[in-house]
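Next up: some structures, all given as structure tokens.
You will see two complexes here that share subunit A, one where it goes with subunit B and one where it goes with subunit C.
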Partner chain A sequence: MISNVEAILEGPRTEFTIFGLPITESVVNTWLVMAVLIILALIFRRNLQVYPDKRQNVVEAIVEAVSGLVNTTMGQKNKGFMPYIGTLFFLLLFSNLLGIFGLRPPTADFSVTIAYGIVTFFCIHYFAIKAKGWSYIKGMGEPFIFLLPMNLIGEVAKPFSLGMRLYGNLLGGSVIMAMISGAVALFVPAVASIYFDLFSGILQSFIFVMLTMVFITLAKDDDE
Partner chain B sequence: MVWNELAVAAFAVIGAAIAMIGGGLGPAIGQGYAAGKGVEAVGRQPEAQSKIMTTMLLGQAVAETTGIYSLVVALLLLGIVNRIL
Partner chain C sequence: MLDILPTTFIFTIINLITLFLILRFLFFKPVGDFLEKRRQKIHDDLNNARREREEAARLLDEHRAMLAQAKAEAARVVEAALAKAEEHREELIAKANAEAAAILERAKAEIRQEQAKAVEQLRTQIASLSVAAAEKLLARSITAADQDKIFEQVLEELDSAYEKYSS
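Let's look at the complex of A and B:
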């Protein structure tokens, strides 16, 4: 079973290549997550009514929970971020939970998580420059101009640490799960999976979207 | 196998262990401290429990980052060992 751990540490397999471009396991599994999300969305949006039935009640509860989270974290005036935050949360959640089904989670690949981090990076600076304009760029040189490199490094470190946190947690979880299921075959892996796959997966996707929201709000809104 | 390579593998394993000692201790202390303060805050203001919980988890996640860095470093070192042996 040590070979299983080694396979995880080696990184995602290359499934096939298109025009010399390697398509790895992470990409294929992300396609799977996308397909599941799209099918769920298509099922849940069919005949929505004013007086909701059971199915629609569930969806409305989820949407209200996400929108309440965005309202309390980012403030009432930033509630337009709710669709993006909700999409990101469910994409990350389903990606992280793939480990339960014995597939390799796409988020246990640094290329995937750093890509999500870079999306957040561009979100932060786009909305900050849009809201504050030139004074935001000038704010990078505050309080002295000598601190400009420090501030720039701090900004670059944000997506890096976001991506690294998600990647490290998921990879560590996968490795530990492989070790446990190699050591004990019965019952114990099931209990451990509740923590390492389910709890950790939900918590990490929640933390990723929370930090995204906090960073965007901090950069965008004036500190009154 | 050359002795040199064996020495590299041995030191890589030791390095991974040391990285995990440091990276395990620091975040553990920090997270425990945050959790203790969170419990205190809930004891003082039980009505704000959900907000305190969110803030606590967020702070713990940030405190965990250094631990995750050392985990990644340790895994990279073990990757070197795998390549040599």
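Let's look at the complex of A and C:
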């Protein structure tokens, strides 16, 4: 059982290589999650009607919840971010919940989470420069020019804090679950899993998405 | 543990962008458009309903006003007709009275005329009869002068008798 913990700490296995590039468990599991999400999307979006049935009520509740979150957090004028935020949320959520099925969550891999963080980083600065132009770059040197390094470090820290928070929580959760499973095989892992896999998984995807929205909105719409 | 594997890093970014494009095309766009369209439809329906209700209330008011106006008009027409009928009736009565008076007057005049004519006829006849009776009595013909004299006399007596009778 200790070997299970060690396997998790060792990092994701390399499943196979393409042109000498190692494709790890994380990427393969992400593909699995993507396939599941695409199939769910295909099932749920079929045959939309004015008077919804049960299935459509679920779809509408999901979409309304995501757009409600985007509207309240980012404001009505940024509702165009809703598809991206929705995609990110469900990708992270399903990735995090993969631990329940005994698979290694892709988000327990720093190479994955830092990639999500970097995408958010580029989103923040791309939309901010698009919205404010030169004054956004100049804003980095405010209120005093000698604070420029501080501001830059703060900006660079954002993707790392995002990536490390997600990675740390997921890896920690996986390790603890492996240890609990190793110590007590019956019942206890099931209860612990509710917290470490389910609750933590949902919470961490929510936090990541929430921070992404807040960062983008602050950089983009905050008055100079 | 914190080392970054470039392949995983690159593939993760590609995965995220690919999934975003696919889900946007397959799910978020169509469902969002659908919800927006339905919201618009509900909004329009509510607006239409309100507009129609207002229109109905306006029509109802209009019709009520028209009905009241029509009632007032009808009452006015009836009143006018009654007044006119009354006027007409009085006119007719007056005309009938006048006509009756005229007829009566004419009848009286005719009677008077007839009476006068009868008296005159009677007078001449009585005079001629008197002359004829005198002739018979005397058994001879009377001269023209005597005849005139008797005539005059009879007529005078007749007239005085008539006057005494009629007065």
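Heads up, the rule we're going with is that the second predicted complex is superposed on the first by the 222 of 224 C-alpha atoms of A that agree within 3 Å, B and C clash if a C-alpha of one lies under 4 Å from a C-alpha of the other, contacts with A are read in each partner's own complex, and residues count from 1 in each chain.
The rule is short, and it goes like this: contacts are C-beta pairs under 8 Å (C-beta built on N, C-alpha and C of every residue); 3 or more make two chains touch, one makes a residue touch a chain.
Remember, predicted model here, so these are calculated numbers, not experimental data.
When the two structures are aligned on the shared chain, A:Leu9 is found in touch with subunit B and with subunit C. Contact with subunit C, but none with subunit B, is seen for A:Pro22 once the two complexes are overlaid on the shared chain.
When the two complexes are overlaid on their common chain A, residue A:Leu203 makes contact with subunit B while staying clear of subunit C. After overlaying the two complexes on the shared chain, residue contacts for A:Ser161 are found with subunit B alone; subunit C is out of touch. Judged by the touch definition given at the top, the superposed model places A:Glu64 against subunit C, while subunit B stays out of reach. Of the two partner chains, neither subunit B nor subunit C is touched by A:Thr212. Touch criterion met: A:Val175 reaches subunit B, while subunit C stays clear of it.
Counted by residues of subunit A touched, the larger count belongs to C, out of subunit B and subunit C. Counting contacts as defined above, subunit A residues 9, 164 meet subunit B in one complex and subunit C in the other. The touching residues of subunit A, counted against subunit B in their complex, run 6, 9-10, 72, 161, 164-165, 167-169, 171-172, 175, 203-204, 206-207, 210-211, 214. Interface residues of subunit B, counted against subunit A in their complex, comprise 51, 54, 57-58, 61-62, 64-65, 68-69, 71-72, 75, 78-79, 82. Only residues 9, 11-12, 21-24, 26-27, 30-31, 34, 37-38, 41-42, 44-45, 48, 50, 59-60, 63-64, 67, 82-84, 86-88, 90-91, 106, 109-112, 114-116, 118-119, 164 of subunit A touch subunit C when the two sit together in their complex.
Here subunit C touches subunit A in the complex through residues 1-13, 15-20, 22-24, 26-32, 34-35, 38, 41, going by the rule given at the top.
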